[in-house]
Each structure stands twice: as C-alpha cells, then as structure tokens.
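The following pair of complexes shares a single chain, chain A, combined with chain B in the former and chain C in the latter.
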Partner chain A sequence: MRARAPITGFMARHPRLSQLATIALFLLVWEITARFFVDKMFLSPPSRVYSEIDRVLNTKGLMQALTLTLYELSAAFVIAVAIGMAIGLSVGLNAFARRCFMPIILLLYGIPQIVILPLFILGLGIGPPSKIAFGVTHGIFPIILAIVAGVQNLKPVLLTSARSMGANRWHVLRYVVLPHMMPSFFSGLRLGMTGVLLGVLLAELYVSTAGIGYFTGLFTQNFDPTRLLGLISILAAMAIALNEFMRTVERRFSRWRGND
Partner chain B sequence: MAGDVRPAPPGDRSEARITRLVQISFIAALGALWWLATNVWGMSPILLPKPQNAFSELLDILGSGEFWPDLLLTLGELAGAFAISMTLGVTIGFLVSQSPTYVRVFEPLLAGVYAVPIILFLPLYVLFFGLGASSKIALGATISFFPIVLNTIAGFTSIDKLYVTAAKSMGASPTILLRHVLIPGALPIILSGLRMGFTVALLSIIGSETIASLAGLGHRIVNLAESLEIGRMFAYIVFVVVIAASLNAVVSRLEARRSLDP
Partner chain C sequence: MQKQDISVQIQNVSHSFGVEGHAKHVRALLDTTMDIHRGELLALIGPSGCGKSTLLNVIGGILSPTTGGASVNGKPVNGPMPHDIAYVFQENALFPWNTIIENIRLGMLFQGVPKADHEGRARAALKAVGLSEFADHYPGQLSGGMRQRAALARALSLDTPVVLMDEPFGALDEQTRMVLGEDLSELLSRTGKTIIFVTHSLGEAVFLADRIAVFTARPGRIKEVIPVDEPHPRKASFMTSDKFNGLRNRLFELLHDEIRKTVNLRSGSTGGF
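This part shows the complex of A and B:
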C-alpha cells in the first residue's frame, strides 16, 4: 500500500517505534496538562508520579496492603478454580446435566454481581474473607463456562476406544478428558483471573481497612494525586503482568494440539 | 459418568420437559431452602431476610414508586456513558481501520489498555469529577469504549477485500461503498461490540454507584445495607437484577435481529 502521508509511511516502517511514540505523546500531553492547566490537587504530572514512586511504597502499611491484596487474589483464584472445575466437570460431562443447569449458570453469570456486594460485607465482614468470596463469585463463571466448552465437544470415539482398551473412569478422565480440555481450560483460567481481579478490586474499593482500597480512599480524600496515580500505576502493572503470565501459560499448554 | 457427552438431539419433547422440570425444581428447592433457613432454622434476619418479607417490601417499592428517581438517574447515566463511548468508539475504530498500518500500530495499544481493570481508576475519576453523576458517566464511558472500539476495528478489517474491489471496479463512490459494503459487512461484529459495551457500562455504573456516590440504584442498595434494612435491600437487589437482565435481553435481541438482516 502506498503511503499517503509521511507519517503513515513512518508508521508502516516502524510500528513498534510508533507505538512507543504514541505512548510518549500521551505522557507529554498529560505532563503539560498537569503542569500548566490543572490544579495540582487533582492531577500530577507523570514525571512527578514516577520520581516519587518510592514515597508511595514507603507509605506506612502500603506494602502489607499490596501483600494482602495479592493474598486475597491468590486465595480467591485457587478456590474459584477448584469449585469451578468441580462444577464445570460435573455439569459438562453429562449432557442431561448440561441441558438442565447451563441455562441457570448463564442466567447467574448475567447478573450484575456488584449489587450483592453489600451482602458479602454483611455476611463475612470487612476483612479479607469478603474480598476473597467476592473474587470467587466473579472468577468462577468464566472457568465453569470454559471447562464445559472444553469437554462438551469431546469426540465419542475417543471415549469408546479408551474404554474398549480397558481404561477405567480415572484413566478416561486423566488421559482423555483432561488433555482434551487443556486449551479451553487455560483460557478459562485467564478469564477467571480477570474476573477474580475485578471482584477483589471492587470489594477493596467498596470497603477496606487494610488492603489497597484503604489507600486509594486515603489518597483520594487527602487530594494526593501523586501517590494515588503511583499506586494505580503499580496495580495496573501488576494486572498486566498477571494477564501476560496467564497468556504465556495458556500458549505453552495449548501447543501440543498444533492446528487441529 | 463420562458416558454421554454428545450434544443431545434437539426437539425431543419429553426430554425438554424433563429438563424444564429439573430446572424448576432446582430453583424451587433453593427457594424452599431460603424459606426453611429463615423461618424454621432461625437464621439471623440481618444476613438473610425472610422471603415473604422481601416480597412484601418489593411490592411496597413497586407500589409506592419510590424507585423512580434512582432508576431514572442510573438509566440517565447509562445513556450518557453509552452515547459517549458509542460515538467515540465507532468513530475512532472506523478511522483506525482505514489503514492496515494504523491497525498494526494502534490496535495492540488499545488491546493492552483493555487488559487493565479500569475500575482501578474509579478513585481518580471521583477526584476529577466528584461524587455525582459525571464521574459515573465518565467511568462507564471509559470502560465501555474499549470493547466498542476494538470490535469496530475488527468489524471493518474483517471485510473481504474482494467485495471492496468489486464495488470499486463497478464504480461505487466512497459514500456508496460505505453505505452498501463497509457498514453492512462490519455491522454484526460492531453490534456485538456495542452489546458488550452496553453490558459493561451498566455494570460499571451500578458498581461505581455502589462504591462512591450520592444517589442511584447502587447507592440505594448500599444505604439500605448500612441501615440494616435487609428485607428492603433484597427487594431492591431483585429489582435491579430484573432491570439489568431485561435491558441485556433487549440489547441481545436487537443485536440478533440486526445481524440477521442482509
């Protein structure tokens, strides 16, 4: 395709560089806006956020808050995967159960769960248990759906041949069902992680006495955008890292299938 | 266990009836469990109200019409947020899709930001826009912008080049090309982006009302939770869930109908 303008031609030749340039332009606009046009009670320039990131990390109790949030995330993820797998396998492996319960699961999945967040707080308190539980209810549905999708198009001939060669139930599950559902299982894990992250963060932002939600609230109320933006950047970087990690795992475990 | 994994042949009417029966009895069992837990086993009414109380509260809410201000505010915020994200998302998506180079440069950037849970920025939005409706509209617009713009890009780039070449060689002007080739070709994918955007806009608006606000349905639920009027809170939860489910159903129906049109 012929370049219409010099800038398009440059983009075509250096796509990576253009992406970096776009990000740099964004930061520049942000920097200028924050320095000259907006009250510094509301917005900090990125240079200041970056240079004072250690002030964020040195805030008393913040490291513990990050650790606590990570703990909530991992606990919620493990529970969501365990329960999601159990429900997904028991619903997915049986056509009758699938027809009965999939509509109910899809219906529940469609509910905006945020409306029941106050119930979680009332039932489980404002500590980590309510955050973990809310993360679980957000993460479990993508996992169930992925597992059901993964097992339901299993070719019957594979099961028949495995059984005719003397495989018992455990063997069928371990050597036929499990490898078959691996790719969709891992994409379910990634989506589940996204859900868990959303649930835990929502619950943290709603009410928190020791997690990161406490600090975002504190920095907002103190009109301290430098530290607020610093904390948000750290969390966003964590979220991106988690997502990339799950994508790498997903690719690695789906590789054996090739392109079938 | 692993015996029958084939999709059942559709149209078996007695099977369908049994399925329906199991579903209904499952939901009835949950309801019975709720009734038993609160009326017989003496579960604390602060954690779980009696179903009959929640139901009478629901009738009271619907009868008195006290839900109107909150409902209208939430729907207004939703309309504002969706109007912004739809306009910006479709426009920017269309502009980016005009050249493969733009797609290669900007699409990964947009997809990268989409991976961040944007709800993180809620405190920032509250700082900028205050506790009122504008912070909800801004957050809802931001969150729903990404599925819309990404699907618009995907929609326009998915069109078979052959159609464009054919239309051009038959002398189609840019307007005719857009009207008769590009838009009909991209519409199904754009519409599914709009549906996703609508769903997340609704979610994030109710979410931000729950977390930090002065009014709206989400705020009402939190208020009732804080004053421990759990029966009424349950009634409101049911109300919001029904509203959300019917809005989503309407949007899905619209999407399905428009996508089938040639």
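This part shows the complex of A and C:
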C-alpha cells in the first residue's frame, strides 16, 4: 500500500465526513463573503439567517402560505403520479401506442413550459388550481418517461413464462411488470417530485399576490435578505426532506438489484 | 406401456417466421408429426437453429404454428395450458426480484394452487433438485446451473402431467449433468411424468430418454427416432455400457451430417463477401 497523507486517508474512509466538510466550507465562504465583502442589504451571513429563522416563521401569513404551498405540492404530486402511471403503462406496454404517442410526449416535454404559464393563470385563475396544474404538467413527464423506459426492457421470456404458468393480466401487472419497473419507477417519482416542486414554485413566484411568491417579493423589495434566505432555506429543506424520503423508500424496494 | 396411451400429439406442424418472400423469412420447422406416450421421456436433438425450441413453443401454446397443431391429453393446444404443461425455458426465466422460494410459490399462485399447499410443495421441489439451502437466495446470487435447477424445481412444483424442458442443463458441465441426470432419471420415473426435453448433449439424450428424435438442419424435420430400451431409473453403470456407447455413436453419425450441412450453409451465404 502506498502511503497517503493521514488526513486524506482518514477522509477517504469516511465519505460522510468529506460531505459535511464540503458543506461546512460552503457555509464558511458564504459567511465570510456576507460579513466582509457584500453589502448587507443584498446578502446575509448564514449564522444570521439561522438565528433569525423564527422571524421568518413569525411573519404574518407566512405559515399559511407555506401550508398552502405544501398542499399544492402534494396535490400536484399525487395527480402527476396517478395520471403519469396510467399514461406510462398504457403507452409503455403497447407497441402501437408507443409509436403513436411517444413522439408527441417527447415533443411536449421539450417545450419550456414557462411560456405557457400565463395561459394556466388565464384559464384557472390565480388560486391553487393553476399552481397545482402547472406542477402536474412539470412532474408528469419524467414519470411517464421513467415508466415507459422501465416497462421497455422487461425480458420477454419473463412474460411468456408467467403466462405459461397461468398468470392472468392482473398477475402479470402485479408480479412481473410492477416489480420490474420499481427502480425506474422510483427514479421517475424523484424526478417527478423535482418537477412538481419547480412547477408549483414557478407559478407561486409568478403570481405574487399570495403564497410564497408574495413573501419572496415582499422580502426582496424590503431589502431583507435575512428573511428571504431564511424562506429559501425552509423551501430547500422541504425539497431535501422529500427527496431523501423517496430515496429511502426506493432503497427498500430495490434490494434485489444489488446482487443481480 | 400401451401404445394408445398418448399424452402429446404433434400433427404436421410447420412453422415459418416472418413474411414469405421477405429477406427475414425463415422456415423453422417442416411438417413434423410425432406421438409421445404418457410417462415417456423424449429427447429432441439437432443442429442449432433447426427449430427445437420452436416445436416446444408450439406444444406449450406459446406459438401458434403456420400449419398443423399439437394436442395435449386429448385437448388441442391453443394457448398456455398451465394445468397440463410446465415449461422450463432455454433462457433463465426466474424473476430476479424474487427469491428462489418466492419464485416457486409465485408459479403456484399463477397456476391456482391453494395457498396452504405452497410452502410444502415448494420445499419438496427444492429438495428434489438439491437447492434446499438456497431457498432464500435471489437468482442473481446463484450460479448458472443452480438457476436452471431452480427453474426446474418451479416447473416440478406445478405438478403437471407434461413437462417441457429446453436445454435444462445447458449451463452445467458434462459430469454434473450426468450426476444430476441420475437423480432426474430416478425422480422422473417415480412421478410418471411425460417429459419432452431439448439437449445438445449426446450422452444426456441417451442416458435420460426413452426415445430420441434427431432433427435435420433447418428447416427442421425429424430425421430419425431412436429408441433407448433401458428401464428407468438408470444407474451410472449404464453410461459405460456398450449399449450406451453404441447409441451415442449412432447419434453422433446422424447429427454429424446435419451439422456439417448447417455450417456449409452458413459459410456459403457469407462466401460472397
């Protein structure tokens, strides 16, 4: 074995530590930059953002706005998963439907949806429905694509053998198709979650009369970076928590992959 | 064994893949007719690509032939018959996301076996192929030969009168194959199942089969059917007998010509380049 510097050797054996160190370094750079180099009208150091987080939470109406956003996110996610799964399965399992509709789906996915956001507002108003809808249209495509791809590379002999043992349609779906696509289904769910988050927050920021969008606008106009960054940190923490939750579920369901 | 007691009947089965006249048109099987008796072990042997799997797929109801047809236990085959036929595929068809015992239970669930019987039958089948200790392993954790034995256990657990096996021991070495063949010969003679199996091993064909159907090169036809008059269960000593070697040599002669044809055909078609 080659000799390594003790510190790097130690770090190499503890990837978690390197991770934490990276984050700590980032926070440190941010802290120093904010304290000594940037006007505090534009940037607050993380220590201050953290110590004044309760000021964000105590802002009148903000908790309701966060709750509303969370509700919009969940609604959009559930709808995106339900419709995405239905479309993904029916398109993915049928060669004809795949040839017909996949190009259309890919085409739609390619459109930067922000350009049609005004249409959503026009059609559905400035309340939650337009935000949920915009979240759905962002989240649904990665889910459809992941399911179609997941269903694709199923070995035909597995289907044939299930049928030869007497499996009916439900058996095939439940015991062959679903377990096969579990891993890609979960990565689809995670990407879908990211999409939903993007869609809902974009709509929220665009319609800044209420909700999170209103408060980001308010904090920006008041040159209050502490509360702005605090709010952003809360949103980021929410996104990270959701993502980690999905990853945990995913790991549980794809145990067998590890030894294939 | 009575001649009338026919389990599987293959009548004038021909099959072509693709559209006639097209470049990809392949005549895989030509006018094959054969009766397989109840409790008989029939081996199919022939050059690669001659249509052996195609024939098994026709019997198994997975492929509907261009002309002719098969019937099993007096019923014409128009689709899978899970209560009559169990099929061990040439490819590994175990579900990778289930453990071995889950795979076996799942087969019984598909077939409609009452839940209460699953565990006992699954354990018995695993024991029969010597995989009891690997019940909770995933297919990916087993060797190729073990996977094939697991697939065989799944087929046996379904308790069908007919079992189709497409190169069930293809991934095993000749010696293991023979030892496993001994056990199989013993097991199968006890259960009285009708077995049709494809093999590329001359020794395995002679050792296990009651009759051996030798196929011609593509499009496959049955060139000759060789009976092996030797009661089951067969002992290892049969493998060293003159009778065994005589049959084996006979098979080799028959196959040698056909394989030569396949190879010449292939080199002929690429000769233009």
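One rule holds in what follows: the second predicted complex is superposed on the first by the 223 of 260 C-alpha atoms of A that agree within 3 Å, B and C clash if a C-alpha of one lies under 4 Å from a C-alpha of the other, contacts with A are read in each partner's own complex, and residues count from 1 in each chain.
Everything that follows uses one rule, which is that contacts are C-beta pairs under 8 Å (C-beta built on N, C-alpha and C of every residue); 3 or more make two chains touch, one makes a residue touch a chain.
Since the model is a prediction, treat every value here as computed from it, not as a measurement.
Peer 1: Check the residue A:48 against both partner chains and state whether it touches chain B (first), chain C (second), both, or neither.
Peer 2: After superposition on chain A, A:48 lies in contact with neither partner.
Peer 1: For A:164, select first, second, both or neither according to whether it touches chain B, chain C, the two together, or no partner.
Peer 2: second
Peer 1: Between chain B and chain C, pick out the one touching the greater number of residues of chain A.
Peer 2: Per-residue touch count on chain A favours B.
Peer 1: Go through chain A and flag every residue that touches chain B in one model and chain C in the other.
Peer 2: 176.
Peer 1: Please name which positions on chain A make contact with chain B in the complex.
Peer 2: Its residues touching chain B are 1, 4, 8, 11-12, 15, 18-19, 22-23, 42-43, 92-96, 99-101, 103-104, 107, 110-112, 114-119, 121-123, 151-152, 154, 156, 159, 169, 172-173, 176-177, 194, 197-198, 201-202, 205-206, 216-217, 219-220, 223, 225, 228-229, 232, 235-236, 239-240, 243.
Peer 1: Please output the residues of chain C touching chain A within their complex, sorted ascending.
Peer 2: Residues 60-62, 80, 82-83, 85-87, 89, 91-93, 95-98, 106-107, 109-112, 138-141, 158.
Peer 1: Give every residue of chain B touching chain A within the complex, in rising order.
Peer 2: By the definition above, chain B touches chain A via 1-8, 15, 19, 22-23, 26-27, 46-47, 99-102, 104-106, 108-109, 112, 115-117, 119-124, 126-128, 202-203, 206-207, 210-212, 217-218, 221-222, 224-226, 230, 233, 236-237, 240-241, 244-245, 248.
Peer 1: For a test of understanding, state which residues of chain A touch chain C in their complex under the given definition.
Peer 2: Residue list for chain A touching chain C: 155, 157-158, 160-167, 171, 175-176, 179-180, 182, 256, 259-260.
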